[in-house]
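Shared chain: chain A. Partners: chain B in the first complex, chain C in the second.
Moving on to the complex of A and B:
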(Lines of atoms letter the chains of each structure in order from A and count residues from 1; the text may use other names and numbers.)
(Lines give C-alpha, C1' and ligand atoms only; values in the text may rest on other atoms or scores of the structure.)
Protein backbone atom coordinates (compact mmCIF):
# COMPACT_ATOMS: atom_id res chain seq x y z
CA UNK A 1 0.00 0.00 0.00
CA UNK A 2 2.77 2.39 0.91
CA UNK A 3 5.11 1.18 -1.84
CA UNK A 4 4.72 4.41 -3.81
CA UNK A 5 5.46 6.50 -0.75
CA UNK A 6 8.51 4.39 0.05
CA UNK A 7 9.78 4.82 -3.50
CA UNK A 8 9.44 8.60 -3.36
CA UNK A 9 11.24 8.74 -0.01
CA UNK A 10 13.94 6.39 -1.25
CA UNK A 11 14.56 8.73 -4.21
CA UNK A 12 14.59 11.75 -1.89
CA UNK A 13 16.99 10.13 0.58
CA UNK A 14 19.30 9.16 -2.29
CA UNK A 15 19.71 12.76 -3.45
CA UNK A 16 23.06 14.45 -2.88
CA UNK A 17 23.52 16.00 0.57
CA UNK A 18 20.37 14.31 1.88
CA UNK A 19 20.90 12.31 5.06
CA UNK A 20 17.37 11.08 5.67
CA UNK A 21 13.71 11.79 5.04
CA UNK A 22 10.37 10.92 6.59
CA UNK A 23 6.68 11.51 6.10
CA UNK A 24 4.19 11.98 8.96
CA UNK A 25 0.40 11.83 8.98
CA UNK A 26 -2.07 14.29 10.54
CA UNK A 27 -1.44 12.83 13.99
CA UNK A 28 2.30 13.45 13.71
CA UNK A 29 2.95 9.72 13.45
CA UNK A 30 5.69 8.56 11.12
CA UNK A 31 4.41 6.80 7.98
CA UNK A 32 7.74 6.03 6.33
CA UNK A 33 11.31 6.97 7.22
CA UNK A 34 14.35 6.42 5.01
CA UNK A 35 18.00 7.09 5.68
CA UNK A 36 19.56 8.32 8.89
CA UNK A 37 16.58 9.99 10.59
CA UNK A 38 14.86 9.23 13.90
CA UNK A 39 11.15 8.43 13.33
CA UNK A 40 10.40 10.28 16.60
CA UNK A 41 11.23 13.52 14.77
CA UNK A 42 7.89 13.27 12.91
CA UNK A 43 5.84 14.69 15.80
CA UNK A 44 8.24 17.55 16.50
CA UNK A 45 8.54 18.35 12.77
CA UNK A 46 4.79 18.58 12.49
CA UNK A 47 4.54 20.73 15.64
CA UNK A 48 7.07 23.17 14.13
CA UNK A 49 5.10 23.27 10.86
CA UNK A 50 1.87 23.98 12.77
CA UNK A 51 3.47 26.83 14.71
CA UNK A 52 4.95 28.35 11.55
CA UNK A 53 1.57 28.13 9.80
CA UNK A 54 0.20 30.47 12.49
CA UNK A 55 2.53 33.24 11.26
CA UNK A 56 0.52 33.53 8.03
CA UNK A 57 -2.97 32.29 8.89
CA UNK A 58 -4.46 33.57 5.61
CA UNK A 59 -1.88 32.00 3.35
CA UNK A 60 -3.20 29.25 1.08
CA UNK A 61 0.26 28.09 0.09
CA UNK A 62 1.87 25.75 2.64
CA UNK A 63 5.09 27.11 4.11
CA UNK A 64 8.45 25.43 3.59
CA UNK A 65 10.56 25.65 6.72
CA UNK A 66 14.33 25.47 6.66
CA UNK A 67 16.29 25.10 9.88
CA UNK A 68 20.03 25.58 9.78
CA UNK A 69 22.40 24.34 12.44
CA UNK A 70 26.12 23.85 11.91
CA UNK A 71 26.62 21.93 8.68
CA UNK A 72 23.15 20.37 8.82
CA UNK A 73 19.84 21.54 7.49
CA UNK A 74 16.30 20.40 8.18
CA UNK A 75 13.58 21.09 5.64
CA UNK A 76 9.94 20.72 6.72
CA UNK A 77 6.86 21.00 4.55
CA UNK A 78 3.26 20.45 5.60
CA UNK A 79 0.44 20.36 3.07
CA UNK A 80 -2.32 19.89 5.65
CA UNK A 81 -2.60 16.14 5.34
CA UNK A 82 0.98 15.01 5.46
CA UNK A 83 4.24 16.51 6.67
CA UNK A 84 7.62 15.80 5.11
CA UNK A 85 10.86 16.23 7.05
CA UNK A 86 14.18 16.07 5.21
CA UNK A 87 17.59 16.16 6.89
CA UNK A 88 20.43 17.49 4.76
CA UNK A 89 24.12 17.73 5.48
CA UNK A 90 26.59 19.99 3.75
CA UNK A 91 29.47 17.96 2.32
CA UNK A 92 32.87 19.25 1.23
CA UNK A 93 31.71 19.13 -2.42
CA UNK A 94 28.56 21.16 -1.87
CA UNK A 95 30.38 23.67 0.34
CA UNK A 96 32.87 24.45 -2.44
CA UNK A 97 30.15 24.46 -5.07
CA UNK A 98 31.55 21.47 -6.99
CA UNK B 1 12.53 19.39 43.77
CA UNK B 2 8.84 18.61 43.45
CA UNK B 3 8.19 22.19 42.36
CA UNK B 4 10.84 21.90 39.66
CA UNK B 5 9.24 18.74 38.29
CA UNK B 6 5.79 20.28 38.34
CA UNK B 7 7.10 23.39 36.61
CA UNK B 8 8.76 21.24 33.95
CA UNK B 9 5.59 19.25 33.22
CA UNK B 10 3.55 22.46 33.18
CA UNK B 11 5.97 23.74 30.54
CA UNK B 12 5.46 20.56 28.51
CA UNK B 13 1.71 21.06 28.68
CA UNK B 14 2.11 24.50 27.12
CA UNK B 15 4.46 23.23 24.42
CA UNK B 16 2.15 20.58 23.00
CA UNK B 17 -0.95 22.24 21.61
CA UNK B 18 -4.16 20.43 22.45
CA UNK B 19 -2.70 18.60 25.42
CA UNK B 20 -5.00 18.88 28.47
CA UNK B 21 -3.57 16.70 31.21
CA UNK B 22 -0.31 14.99 32.17
CA UNK B 23 -0.56 12.63 35.09
CA UNK B 24 2.05 10.46 36.77
CA UNK B 25 0.80 7.62 38.92
CA UNK B 26 2.15 4.41 40.34
CA UNK B 27 0.94 1.13 38.82
CA UNK B 28 -2.05 1.00 41.19
CA UNK B 29 -3.28 4.37 39.99
CA UNK B 30 -2.19 6.41 43.01
CA UNK B 31 -1.61 9.92 41.64
CA UNK B 32 1.87 11.28 42.24
CA UNK B 33 1.80 14.34 40.04
CA UNK B 34 -0.84 15.93 37.88
CA UNK B 35 -0.73 19.03 35.74
CA UNK B 36 -3.65 20.22 33.65
CA UNK B 37 -4.81 23.10 31.49
CA UNK B 38 -7.18 25.62 32.99
CA UNK B 39 -9.87 24.36 30.65
CA UNK B 40 -12.14 22.41 32.95
CA UNK B 41 -12.58 18.92 31.63
CA UNK B 42 -14.45 16.33 33.57
CA UNK B 43 -11.97 13.57 34.23
CA UNK B 44 -13.90 12.14 37.14
CA UNK B 45 -13.50 8.73 35.56
CA UNK B 46 -9.77 9.10 35.19
CA UNK B 47 -8.80 6.88 38.16
CA UNK B 48 -10.31 3.91 36.31
CA UNK B 49 -7.94 4.50 33.37
CA UNK B 50 -4.88 3.42 35.26
CA UNK B 51 -5.77 -0.07 36.50
CA UNK B 52 -7.34 -0.74 33.08
CA UNK B 53 -4.11 0.33 31.39
CA UNK B 54 -2.05 -1.89 33.69
CA UNK B 55 -4.22 -4.89 32.80
CA UNK B 56 -4.20 -4.08 29.07
CA UNK B 57 -0.44 -3.58 29.17
CA UNK B 58 0.11 -6.95 30.86
CA UNK B 59 -2.10 -8.66 28.27
CA UNK B 60 -0.44 -6.86 25.33
CA UNK B 61 2.95 -8.00 26.60
CA UNK B 62 1.81 -11.58 25.99
CA UNK B 63 1.44 -11.06 22.24
CA UNK B 64 5.01 -12.14 21.69
CA UNK B 65 6.14 -8.73 20.48
CA UNK B 66 8.12 -7.88 23.58
CA UNK B 67 7.19 -5.76 26.56
CA UNK B 68 4.38 -3.32 25.88
CA UNK B 69 5.58 0.26 26.22
CA UNK B 70 2.77 2.56 25.11
CA UNK B 71 -0.97 2.39 24.51
CA UNK B 72 -2.69 5.10 22.48
CA UNK B 73 -6.47 5.27 22.79
CA UNK B 74 -8.39 7.48 20.37
CA UNK B 75 -11.89 8.63 21.33
CA UNK B 76 -14.34 10.92 19.56
CA UNK B 77 -13.37 13.91 21.71
CA UNK B 78 -10.11 12.95 23.35
CA UNK B 79 -7.00 10.90 22.91
CA UNK B 80 -5.18 9.18 25.75
CA UNK B 81 -1.52 8.17 25.53
CA UNK B 82 -0.30 5.99 28.36
CA UNK B 83 3.32 4.99 28.85
CA UNK B 84 4.57 2.08 30.85
CA UNK B 85 7.52 3.38 32.88
CA UNK B 86 7.29 0.92 35.74
CA UNK B 87 6.98 1.50 38.62
CA UNK B 88 5.36 4.62 37.13
CA UNK B 89 2.62 5.13 34.58
CA UNK B 90 2.58 8.30 32.55
CA UNK B 91 -0.79 9.40 31.17
CA UNK B 92 -1.35 12.16 28.62
CA UNK B 93 -4.86 13.30 27.75
CA UNK B 94 -5.31 15.57 24.75
CA UNK B 95 -7.75 16.71 22.10
CA UNK B 96 -8.64 14.22 19.37
CA UNK B 97 -6.57 16.22 16.87
CA UNK B 98 -3.60 16.68 19.22
CA UNK B 99 -0.18 15.82 17.79
CA UNK B 100 0.28 12.21 18.93
CA UNK B 101 3.79 12.03 17.49
CA UNK B 102 4.82 15.01 19.59
CA UNK B 103 3.50 13.36 22.75
CA UNK B 104 5.41 10.18 21.92
CA UNK B 105 8.58 12.18 21.34
CA UNK B 106 8.36 13.47 24.92
CA UNK B 107 8.99 9.97 26.23
CA UNK B 108 12.78 10.26 26.20
CA UNK B 109 12.77 13.88 27.32
CA UNK B 110 10.93 13.17 30.57
CA UNK B 111 13.05 10.18 31.57
CA UNK B 112 15.50 12.29 33.58
CA UNK B 113 12.72 13.90 35.60
CA UNK B 114 11.01 10.58 36.24
CA UNK B 115 14.12 9.09 37.86
CA UNK B 116 13.63 11.10 41.07
CA UNK B 117 9.97 10.10 41.32
CA UNK B 118 10.83 6.46 40.60
CA UNK B 119 13.33 6.53 43.42
CA UNK B 120 10.74 7.92 45.82
CA UNK B 121 8.21 5.24 44.80
CA UNK B 122 10.64 2.31 45.14
CA UNK B 123 11.84 3.57 48.54
CA UNK B 124 8.29 3.95 49.87
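Moving on to the complex of A and C:
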Protein backbone atom coordinates (compact mmCIF):
# COMPACT_ATOMS: atom_id res chain seq x y z
CA UNK A 1 0.00 0.00 0.00
CA UNK A 2 2.30 2.78 1.24
CA UNK A 3 5.52 0.73 1.04
CA UNK A 4 6.62 2.55 -2.09
CA UNK A 5 6.24 5.95 -0.39
CA UNK A 6 8.11 4.72 2.65
CA UNK A 7 10.95 3.50 0.45
CA UNK A 8 11.18 6.92 -1.25
CA UNK A 9 11.48 8.60 2.13
CA UNK A 10 14.03 6.10 3.35
CA UNK A 11 16.14 6.82 0.29
CA UNK A 12 15.86 10.59 0.75
CA UNK A 13 16.63 10.48 4.46
CA UNK A 14 19.71 8.39 3.73
CA UNK A 15 21.17 11.05 1.46
CA UNK A 16 24.25 12.95 2.73
CA UNK A 17 23.54 15.92 5.05
CA UNK A 18 19.86 14.94 5.27
CA UNK A 19 18.49 14.65 8.80
CA UNK A 20 14.87 13.81 8.11
CA UNK A 21 12.05 14.09 5.59
CA UNK A 22 8.28 14.00 5.55
CA UNK A 23 5.37 14.18 3.15
CA UNK A 24 2.10 15.92 3.98
CA UNK A 25 -1.20 15.74 2.16
CA UNK A 26 -3.34 18.61 0.91
CA UNK A 27 -4.66 19.29 4.42
CA UNK A 28 -1.17 19.45 5.88
CA UNK A 29 -1.50 16.08 7.60
CA UNK A 30 1.62 13.97 7.73
CA UNK A 31 1.52 10.91 5.47
CA UNK A 32 4.98 9.51 6.24
CA UNK A 33 7.95 10.85 8.21
CA UNK A 34 11.41 9.33 8.31
CA UNK A 35 14.55 10.32 10.19
CA UNK A 36 14.91 12.99 12.88
CA UNK A 37 11.85 15.11 12.03
CA UNK A 38 8.71 15.84 14.03
CA UNK A 39 5.58 14.75 12.11
CA UNK A 40 3.79 17.81 13.54
CA UNK A 41 5.98 19.99 11.29
CA UNK A 42 3.85 18.93 8.31
CA UNK A 43 1.10 21.50 8.95
CA UNK A 44 3.54 24.37 9.49
CA UNK A 45 5.48 23.39 6.37
CA UNK A 46 2.34 23.41 4.27
CA UNK A 47 1.26 26.77 5.70
CA UNK A 48 4.66 28.32 4.92
CA UNK A 49 4.52 26.96 1.36
CA UNK A 50 1.03 28.38 0.89
CA UNK A 51 2.11 31.81 2.13
CA UNK A 52 5.16 31.83 -0.14
CA UNK A 53 3.00 30.83 -3.13
CA UNK A 54 1.05 34.08 -2.62
CA UNK A 55 4.17 36.08 -3.48
CA UNK A 56 3.87 35.05 -7.12
CA UNK A 57 0.30 33.94 -7.72
CA UNK A 58 0.76 33.66 -11.50
CA UNK A 59 3.71 31.30 -11.29
CA UNK A 60 2.94 27.78 -12.50
CA UNK A 61 6.19 26.35 -11.15
CA UNK A 62 5.95 25.51 -7.43
CA UNK A 63 8.49 27.37 -5.34
CA UNK A 64 11.25 25.67 -3.36
CA UNK A 65 11.66 27.33 0.04
CA UNK A 66 14.84 27.09 2.07
CA UNK A 67 14.98 28.26 5.68
CA UNK A 68 18.43 28.66 7.20
CA UNK A 69 19.10 28.48 10.91
CA UNK A 70 22.67 28.10 12.11
CA UNK A 71 24.16 25.04 10.46
CA UNK A 72 20.73 23.55 9.72
CA UNK A 73 18.31 24.25 6.96
CA UNK A 74 14.78 23.24 6.09
CA UNK A 75 13.73 22.77 2.47
CA UNK A 76 10.00 22.91 1.70
CA UNK A 77 8.15 22.38 -1.55
CA UNK A 78 4.45 22.22 -2.25
CA UNK A 79 3.28 21.14 -5.68
CA UNK A 80 -0.43 21.38 -5.00
CA UNK A 81 -1.21 17.83 -3.99
CA UNK A 82 1.56 17.14 -1.50
CA UNK A 83 3.99 19.13 0.62
CA UNK A 84 7.51 17.77 1.05
CA UNK A 85 9.76 18.89 3.91
CA UNK A 86 13.43 17.96 4.22
CA UNK A 87 15.65 18.83 7.20
CA UNK A 88 19.30 19.14 6.31
CA UNK A 89 22.39 19.74 8.38
CA UNK A 90 25.76 21.12 7.40
CA UNK A 91 28.27 18.46 8.44
CA UNK A 92 32.03 18.86 8.71
CA UNK A 93 32.60 17.00 5.43
CA UNK A 94 30.19 19.11 3.39
CA UNK A 95 31.49 22.31 5.00
CA UNK A 96 35.03 21.59 3.80
CA UNK A 97 33.67 20.56 0.41
CA UNK A 98 31.98 23.93 -0.01
CA UNK B 1 -28.94 74.35 77.40
CA UNK B 2 -25.59 72.68 77.83
CA UNK B 3 -26.90 69.73 75.91
CA UNK B 4 -28.03 71.92 73.02
CA UNK B 5 -24.61 73.50 72.94
CA UNK B 6 -22.90 70.12 72.67
CA UNK B 7 -25.22 69.13 69.82
CA UNK B 8 -24.39 72.35 68.02
CA UNK B 9 -20.68 71.77 68.54
CA UNK B 10 -21.05 68.30 67.11
CA UNK B 11 -22.69 69.58 63.95
CA UNK B 12 -20.12 72.34 63.67
CA UNK B 13 -17.28 69.85 63.91
CA UNK B 14 -18.82 67.68 61.19
CA UNK B 15 -19.20 70.73 59.03
CA UNK B 16 -15.58 71.77 59.62
CA UNK B 17 -14.40 68.31 58.80
CA UNK B 18 -16.17 68.39 55.47
CA UNK B 19 -14.85 71.85 54.79
CA UNK B 20 -11.24 70.80 55.37
CA UNK B 21 -11.52 67.75 53.14
CA UNK B 22 -12.93 69.97 50.45
CA UNK B 23 -10.09 72.47 50.62
CA UNK B 24 -7.32 70.02 49.75
CA UNK B 25 -7.38 71.25 46.12
CA UNK B 26 -4.95 74.03 45.34
CA UNK B 27 -7.20 76.77 43.96
CA UNK B 28 -10.86 76.28 44.76
CA UNK B 29 -12.05 79.25 42.74
CA UNK B 30 -9.94 78.60 39.67
CA UNK B 31 -10.89 75.41 37.85
CA UNK B 32 -8.02 73.63 36.15
CA UNK B 33 -7.45 70.22 34.49
CA UNK B 34 -7.49 68.50 37.89
CA UNK B 35 -10.79 69.99 39.03
CA UNK B 36 -13.49 67.39 39.57
CA UNK B 37 -16.51 67.58 37.35
CA UNK B 38 -18.84 67.21 40.31
CA UNK B 39 -17.36 69.82 42.61
CA UNK B 40 -18.27 69.63 46.27
CA UNK B 41 -21.07 67.11 45.94
CA UNK B 42 -21.45 66.60 49.69
CA UNK B 43 -22.14 70.19 50.67
CA UNK B 44 -24.74 70.53 47.92
CA UNK B 45 -26.77 67.58 48.97
CA UNK B 46 -30.09 68.65 50.47
CA UNK B 47 -29.83 66.29 53.41
CA UNK B 48 -26.67 67.94 54.64
CA UNK B 49 -27.96 71.44 54.16
CA UNK B 50 -30.89 70.54 56.30
CA UNK B 51 -28.60 69.15 59.00
CA UNK B 52 -26.40 72.24 58.88
CA UNK B 53 -29.18 74.75 59.31
CA UNK B 54 -29.40 76.49 62.66
CA UNK B 55 -33.15 76.25 62.86
CA UNK B 56 -33.22 72.49 62.86
CA UNK B 57 -30.70 71.97 65.64
CA UNK B 58 -32.16 74.73 67.83
CA UNK B 59 -35.83 74.10 67.25
CA UNK B 60 -35.77 70.38 67.63
CA UNK B 61 -33.00 70.05 70.16
CA UNK B 62 -35.42 69.69 73.04
CA UNK B 63 -37.30 66.93 71.29
CA UNK B 64 -34.20 64.97 70.38
CA UNK B 65 -34.14 61.48 71.82
CA UNK B 66 -31.40 59.89 73.86
CA UNK B 67 -27.71 60.13 72.95
CA UNK B 68 -27.46 56.69 71.28
CA UNK B 69 -30.50 57.30 69.12
CA UNK B 70 -29.19 60.69 68.21
CA UNK B 71 -25.83 59.25 67.20
CA UNK B 72 -27.54 56.67 65.03
CA UNK B 73 -29.68 59.40 63.48
CA UNK B 74 -26.72 61.61 62.70
CA UNK B 75 -24.91 58.64 61.21
CA UNK B 76 -27.90 58.01 59.00
CA UNK B 77 -27.96 61.63 57.92
CA UNK B 78 -24.25 61.55 57.23
CA UNK B 79 -24.46 58.36 55.16
CA UNK B 80 -27.35 59.74 53.15
CA UNK B 81 -25.45 62.95 52.57
CA UNK B 82 -22.43 61.05 51.30
CA UNK B 83 -24.50 58.96 48.92
CA UNK B 84 -26.48 61.85 47.50
CA UNK B 85 -25.19 64.14 44.77
CA UNK B 86 -27.52 66.95 43.86
CA UNK B 87 -26.29 67.85 40.42
CA UNK B 88 -28.98 70.50 39.82
CA UNK B 89 -27.96 72.52 42.87
CA UNK B 90 -24.36 72.81 41.78
CA UNK B 91 -23.24 75.82 39.80
CA UNK B 92 -21.56 74.87 36.58
CA UNK B 93 -18.64 77.07 35.58
CA UNK B 94 -19.15 78.07 31.97
CA UNK B 95 -16.08 78.79 29.88
CA UNK B 96 -15.56 81.73 27.63
CA UNK B 97 -14.52 80.90 24.09
CA UNK B 98 -11.12 82.54 24.44
CA UNK B 99 -10.47 80.80 27.76
CA UNK B 100 -11.47 77.50 26.17
CA UNK B 101 -8.97 77.96 23.36
CA UNK B 102 -6.24 79.01 25.80
CA UNK B 103 -6.76 75.87 27.80
CA UNK B 104 -6.60 73.69 24.70
CA UNK B 105 -3.24 75.26 23.91
CA UNK B 106 -1.89 74.85 27.43
CA UNK B 107 -3.01 71.23 27.75
CA UNK B 108 -1.65 70.24 24.35
CA UNK B 109 1.67 71.88 25.24
CA UNK B 110 1.86 69.88 28.44
CA UNK B 111 0.92 66.68 26.60
CA UNK B 112 3.62 67.37 24.05
CA UNK B 113 6.21 67.87 26.79
CA UNK B 114 5.23 64.61 28.47
CA UNK B 115 5.25 62.79 25.14
CA UNK B 116 8.81 63.93 24.50
CA UNK B 117 9.91 62.71 27.92
CA UNK B 118 8.55 59.20 27.34
CA UNK B 119 11.01 56.58 26.12
CA UNK B 120 9.44 55.01 23.05
CA UNK B 121 10.57 51.39 22.76
CA UNK B 122 9.08 50.92 19.29
CA UNK B 123 11.40 53.52 17.79
CA UNK B 124 14.57 51.76 18.89
CA UNK B 125 13.31 48.29 17.92
CA UNK B 126 12.53 49.22 14.33
CA UNK B 127 14.34 47.00 11.87
CA UNK B 128 14.19 43.70 10.05
CA UNK B 129 15.75 40.53 11.46
CA UNK B 130 17.15 42.16 14.60
CA UNK B 131 17.37 38.79 16.32
CA UNK B 132 19.54 37.26 13.60
CA UNK B 133 23.18 38.22 14.18
CA UNK B 134 24.43 38.11 10.58
CA UNK B 135 21.31 38.37 8.47
CA UNK B 136 23.24 39.68 5.47
CA UNK B 137 24.95 36.32 5.23
CA UNK B 138 21.67 34.42 5.22
CA UNK B 139 19.81 36.83 2.95
CA UNK B 140 22.53 36.66 0.32
CA UNK B 141 22.75 32.88 0.55
CA UNK B 142 21.53 31.31 -2.68
CA UNK B 143 19.47 28.16 -2.75
CA UNK B 144 21.94 25.40 -3.45
CA UNK B 145 21.50 23.37 -6.64
CA UNK B 146 21.88 20.21 -4.58
CA UNK B 147 18.87 21.06 -2.47
CA UNK B 148 16.61 21.93 -5.38
CA UNK B 149 17.64 18.79 -7.27
CA UNK B 150 17.07 16.62 -4.22
CA UNK B 151 13.73 18.25 -3.53
CA UNK B 152 12.62 17.93 -7.16
CA UNK B 153 13.45 14.24 -7.20
CA UNK B 154 11.85 13.73 -3.79
CA UNK B 155 8.57 15.44 -4.66
CA UNK B 156 8.31 13.65 -8.00
CA UNK B 157 8.86 10.26 -6.42
CA UNK B 158 6.63 11.04 -3.44
CA UNK B 159 3.80 12.23 -5.67
CA UNK B 160 4.14 9.14 -7.79
CA UNK B 161 4.09 6.94 -4.69
CA UNK B 162 1.10 8.77 -3.19
CA UNK B 163 -0.89 8.30 -6.38
CA UNK B 164 -0.04 4.60 -6.27
CA UNK B 165 -1.48 4.12 -2.81
CA UNK B 166 -4.19 1.54 -3.13
CA UNK B 167 -6.20 -0.23 -0.51
CA UNK B 168 -5.44 -3.92 -0.95
CA UNK B 169 -8.49 -5.35 0.71
CA UNK B 170 -8.80 -9.00 1.59
CA UNK B 171 -12.54 -8.88 2.07
CA UNK B 172 -15.25 -7.17 0.10
CA UNK B 173 -15.17 -3.41 0.69
CA UNK B 174 -18.87 -3.00 -0.05
CA UNK B 175 -20.93 -5.30 2.07
CA UNK B 176 -24.51 -5.90 0.92
CA UNK B 177 -27.03 -5.49 3.66
CA UNK B 178 -29.84 -7.96 3.92
CA UNK B 179 -32.61 -5.63 2.99
CA UNK B 180 -35.87 -7.52 2.86
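Basically, the second predicted complex is superposed on the first by the 97 of 98 C-alpha atoms of A that agree within 3 Å, B and C clash if a C-alpha of one lies under 4 Å from a C-alpha of the other, contacts with A are read in each partner's own complex, and residues count from 1 in each chain.
As a convention for this text, a residue touches a chain if its C-beta (ideal position, glycine included) is under 8 Å from a C-beta of that chain, and two chains touch if they have at least 3 such contacts.
Note that this is a predicted model, so its numbers are computed, not measured.
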Mind checking chain B and chain C on superposed chain A, clash or fit? fit
After lining up the shared chain so the two structures overlap, which partner does A:50 touch, if you call chain B first and chain C second: first, second, both or neither? first
Between chain B (first) and chain C (second), which, if any, makes contact with A:27: first, second, both or neither? first
In the superposed model, does chain B or chain C contact more residues of chain A? C
Contacts of A:41 with chain B and chain C, given as first, second, both or neither: first
Once the structures are superposed on A, label A:68 by its partner contacts, choosing first (chain B), second (chain C), both or neither. second
For A:12, using the defined touch cut-off, is the partner it touches chain B, chain C, both, or neither? Pick first, second, both or neither. second
Min C-alpha distance chain B to chain C after superposition on A, in Å, is 18
What part of chain A is shared between its chain B contacts and its chain C contacts? none
Would you tell me which residues of chain A are touching chain C in their complex? 1-2, 4-5, 7-9, 11-12, 15, 18, 21, 23, 25, 31, 62, 64, 66, 68, 73, 75, 77, 79, 81-82, 84, 86, 88
Footprint of chain A on chain B - complex, ascending: 15-17, 97, 99-105, 108
Under the definition above, what is the set of chain C residues touching chain A in their complex? 138, 141, 143-144, 147-148, 150-152, 154-155, 157-162, 164-168
Parts of chain A lying in touch with chain B, wherever the complex brings them together: 24, 26-30, 40-44, 46-47, 50
